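A, B, C and D label the chains in the order they appear, each numbered from 1.
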Amino acid sequence: MFVAGCDVGSLSAKAVIMKNGDILASHVIFSKPEPEESARAVMSGTLEKAGISIKDIAHCVGTGYGRNSIPFANAVESEIICHGRGARWLIPQVRMVIDIGGQDAKAIRLDDAGNVIRFAYNDRCASGTGRFLEIMAGAMGIRLEDMGNISLQAKNPVAISNQCVVFAETEIISLINAGKDLSDIVSGLHKAMAHRVAAMAKGIELEKAITMTGGVAKNRGMFSALEEALGTKIMSMDTDPQIIGALGAALTARQAVN
Amino acid sequence: MIVAGCDVGSLTTKAVILDNTKIISYALIKSSFNPDQSASEVMEKALKQAGLAMNDIRLCVGTGYGRERIPFVKKTVSEIACHAKGAYWLLPSARTIIDVGGQDCKAIRLDIKGNVIKFMTNDKCASGTGRFLEVMAKLLNLELEELGKLSSQARNAITLAATCTAWSQAEVIVHMNSNTSKADLAAGINDAMAARVSILVKAVALEKDVCMTGGVAKNIGVVAAMEKHLDVPIRRLRVDPQIIGALGAAVFAKEKMEGK
Amino acid sequence: MIKEMKKAANTLENQYIQKWKKSGGKVVGYSCTFIPEEIIHAAGLMPFRLRGIGTMSLSIGDSYFGPVICSFPKCMLQLAGQGTYRFLDGAIITNGCDSMRRLEECWRKASDDYPGTLPEYYEFFSVPHKAVDYSIAFYGGELRNMIETLEKHFGASISDEALRESIALYNEGRKCLQKLDGLRYSEKAPITGEDAMAILIAGHAIPREEFNGILKGIIEDLEKTASKAENKKRLMLVGSASDDLDFIRAIEEAGAIVVADTICFGSRTYSNLVDEQAAPVHALSSHYLNHSICPRMLGYYKSRLAYIMETAKKAKVDGIILQNVRFCDLHGSENGVFERDLEAAGIPCMRLEREYGPLVETGRIRMRIDAFMERIASAEVHAGE
Amino acid sequence: MKKETREYNYDWMIWSIFNAGSKVLDGTQKEYESLKKVIPNFRTLLDTVLRHGEPGVLFLKMLLEYLDSLVTAKKQGKKICLGTFVTAKHIFHAFDNVVPVWAEPMTVFGTLALRRATTEYMDYCCELGFTETSCSAQRGSLGAYLAGLAEMPDFMVCGAPGICDTNANAIQFMSSYMDLPLFQLNFPAKLTEERVMDYHRKDLRAMISFIEDHAGTRINEGKLRESLEEQKHQDELCNEFYDLMRLKPCPVPPIFQLFHYGGRLTMPGKKSYTALLESMLEVARKNAAAGVAGTSTGKERSRLMMCYIEHYTTDARFWEWLDAQEISLLPALIFTFWHEGANYTMGREDETYHIDTSNMETMLDSLSDLNSRMPMVKQLRGPYDAPHMWLDDLLGLSKILKPDFLIYVGSMGCRNSWGVNKLVQRDCEREGIPMMLLFADAFDDRVASWESVAEKISEFMHVRRIVS
């Protein structure tokens, strides 16, 4: 029996199809202007990979910012729960999930049963979100996915104090103008962002076993910057961290049918 | 006598070539990461249009964030003074100039001679900058101009704080999910923008005539909302509002040559 | 010697503190100008004004403080949590303002998560917001409690005699600083605002006996030094606490010289002397409440405006920069009224809101200052016409 | 500020809304419907309030009495004194020719009633140089005063110094900007110490002579006694009110909280407030007897306690939403006044006030004690975890009223609470009480729209499994 989860975010849309307890197929696309479009597109992509049709899906759960405009979703579930559920399914001992999405960053604490006991969002400002990195990449004329590797070549990272997305952009342009090394700037950005996210996580008290989900988790520079800021190791997962929300949604769907 | 002005901003670089009272050519390019290069590039473009060579330019004044790095200028002046000078040159009755660029926002008060007697700039975050509108337009999948035009069709505009760009973004998404019409969203966005800018303008004690420079001046929705908030008409300028800074620099050059 | 002062101002645990500690001396930090250094000094301890310089991130500051809090105490908390303040044997926090008062709880709680970062002696004292007989009496009571807790913890005894001596010593320092101001005010100001600020900051970070000595030497030299104000615009700095030398450098690099200020690390602490005849505790209580120009003292706008006008006149300033750290409503909104009234009095003003801490926004601030200088210049040209 | 906004006097605008609404009791439903056509904008708010029958009407009538005195003050040659909500009103009611007006309640009225709330007035303050980061609770109405669009005060008193900088600073800004005489009541960080109480009492007497100087009359002992006697009675009524709220389900409708402190902060010691209290108690007693909750459906899905203030969004949608969600609203921190006999003061008698009307001196001392225990004045003066302070009161109140979860909402200007609310949250969570920090502004929907606030609350309740 097939179940699906669909996570429509502001930057990207993801979908996961599960077949009796295993991930059968997953797919990620950049979000389209209309959430509904994104949902259809990402789902058809996933169905194609799975080699089945939408009719074969017994139950589909939607999540993410666009969750209410997913036409084929039978139910919706909060991102917080989905990321918690997805991460825990992959790493049973995990007690804290840090998700950096396009629109916001979240820290989620789980109890032994996998229930959410505390969670927090980034407050006030976009610094510490995927959007922040996206805009900065744009300002530097590099690809978002290249940032990680670039930052790893940093020798002495610059300090980037400004927490406002747009001002940070100006700051970066002036740093480039000042002839600073690109890798030092990128790594400085990661540090700045990691500290914001770490502060948020510490705000709800750190747990031992921490993992990271969301597209930004693929950014190796960011990953290690966050480890440094938290002062502890982060468990990495073999599955694409970007699909964890959708995975959690699929798991929710599975519970619903069982 | 031919002079020029070059404005190297963080997002765009502009050049204006002036022959006494006539703008013979101007150019606008996206800033590269190298101010000297952007400056030379935009200058060449402007010179080409005017069919001139660099040595035809008697003096070139530089302005903008990158002004210190422009190779071919001997004198630099701050953007604030340049926007004032340029607007005043086009519209001598101008007493209040509102410049909303991509990255910041200024309100400038002039005296009868066109000297800056007061100014305010946004210190906080990106609140009330062009970037705010860009991000919102992208979010609504609209062109900047459309975003402006849509306002007029709004029935029940949303209220929004144009403080943190990304924060507002999350707000707008909530409204999108509750199927608010694009017009109502656009109107809310433009009005929030206008409200923020108006605070700066009022803070310099606005005086007529008022005119607007910078890219956002092209957004009719914001301009209309500003006129409501400020309760004065905003005078349109006859040239591209984005080049006023460079124009002002050129006028400074001209005055310098005339020994003013 | 000014170089020495700069070094002391730019490092928290500076060379003098290290020396003091080596000789077995103890250091007590305090959060704001309303704490009489005299009392700490009279206990044989070294008073140290808490600061937030050199903070590279707020990962600790932001996890206890909320988002809409002034970055000055946030930076202090960051340093505290990092253990940078381990050299302190004590700390006193006051309700100087609401952001600052909450540093008391945040630091205390942070020390649960970062063990050993809280000084053994750690106290909160509340300072009245008005200066009338019964509030002065009340604050006197608070000061007596402070004396008691200090005596108890450090096994010191703070006699009236000791207090009198400390008061005399600090008054002597105040007189020197007033002299320094005199030099800054003069046409041929021999010292930049950056250097002057470095001295003022060092004054809160060096044992006072030593500081007075050094300061006298500096003043003697300055009296022989050539003008640093030649064809520069003379500016005055008003507003939020600032111990940020880079900020003042940014201003002066634009062709200005800062010749006067009313800010917290600056002249706020020495514009008047403590009465050496009256009973010491009462004298201190009434001095610190009566002679503060901090807007947290509510309802004294007019006298603060008068003080600024008078200083501006004495220092012959061309303009005033009214700055405040973001979320500092007390200074931010009073700057709004100052601007109205000072401009009306013909003094050009520029309001500036900024973050405390490492100054990477130079471009943005430089642009404003340049424009402000141009404005002053053009105004003068027209005055000439 | 837009042109059309400049055309109305703020006070009169608010007055006309409540005036129209409160007429309903005297008329028929049909008259009400036709009346609402005249005031389309405020329809939703009035429906929300009046849906609750007599208490709703009495609430409006009480506020109308308050506003009447305000808008007619000048005509009657009376002096207007502008102050902050935390100052004991009885003093002012005891003057024959002084009409007090309170910045925050005036802001709340506008926030609830006006379509774009008080945002334009708030922005107007910033145009004059007042920081946009300061508290919206004052900025709302202050904008109207600074723009000369309200009944102008002759002098000001501020009860926040030592409690809330941003509040005190707002009043200071106005007095500096408009050159109005200002008196401040100042509060040390402790509550029950003898020398602190002595400081309070001296301060209060100084305030009274300040008012006497500017009013040109002396305080009227008879009136003061009358008002304090009435207050005693009202406190007894409140004690029963608190006891009823301990019941599960809670028999008190969510919006009654607004009615209760709305009255306590504007018309304490006045008969119209007593009437409101009695009428609310009537309803609560009935519900209690029937064993149903105060919500429209009579069901209680969960119990919410606001650990600071409540959310004053346009059209009072906050309370409507709670009602629709079948969530009982328990008194917020803002809701405790510490009169003796209240259930939450058991074992903490030294923190309560006692009213003794035997002579002027005893009355002034009682007033001083009452005033120093006002919401916020009591809890926010010292370290949040010190005795008698924020955490103490929050946990104490929770123990008695048993909320399922807590919500913090304040304003972006609230340094004093944003400085420690993460710590408060941490401690409450450790005590097993879920607490959410709402990043929103209770008086300014632009910071976070009501829609997104509601969504966040629902998410919290769902994710933390507060309701299944």
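The rule we apply is simple: a residue touches a chain if its C-beta (ideal position, glycine included) is under 8 Å from a C-beta of that chain, and two chains touch if they have at least 3 such contacts.
Owing to the predicted nature of the structure, the values given are computational and were not obtained by experimental measurement.
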* Which chains make contact with subunit A and with subunit C at once? -> B, D
* To do: Would you kindly count the fewest steps from subunit B to subunit C, each step being a jump to a chain that touches the current one?
  => 1
* Any chance you could check whether B-D or A-B wins on number of contacting C-beta pairs? => A-B
* Structure fact -> subunit B to subunit D, mean C-alpha position gap in Å, rounds to 45
* To do: Determine the centre-to-centre distance between subunit C and subunit D, using the mean Cα coordinates as centres, and give it in whole Å.
  => 38
* Structure fact -> Taking each chain's centre as the mean of its CA atoms, subunit A sits from subunit D at a distance in Å of 42
* Residue numbers of subunit D (touch at least two other chains) -> 128-129, 422, 426, 437, 439
* List, in ascending order, every residue of subunit A touching at least 2 other chains. => 123-125, 167, 170, 174, 203
* **In subunit C, residues with contacts to at least two other chains** => 63-64, 66-68, 326, 351, 363-364
* Asked: In graph terms, nodes being chains and edges touches, is this line, ring, star, complete or other?
  -> complete
* To do: Provide the residue numbers of subunit D that touch subunit A in the complex, in ascending order.
  => 422, 426, 429, 437, 439, 459, 462-465
* Asked: For the complex, which residues does subunit C have touching subunit A?
  -> 56-64, 66-68, 113, 355, 357-358, 360-364
* **subunit C partner contacts - residues on subunit A that touch it in the complex** => 123-125, 159-162, 167, 170-171, 174, 191-192, 194-196, 198-203, 229
* List of subunit C residues in touch with subunit B within their complex -> 326, 343, 351-354, 363-364, 367-368, 370-371, 374-375, 378-379, 382
* Sort out for me which residues of subunit A touch subunit B in the complex. => 10, 33-35, 65-66, 68-69, 103-104, 124-126, 129, 131-132, 140-141, 163-167, 169-170, 173-174, 176-177
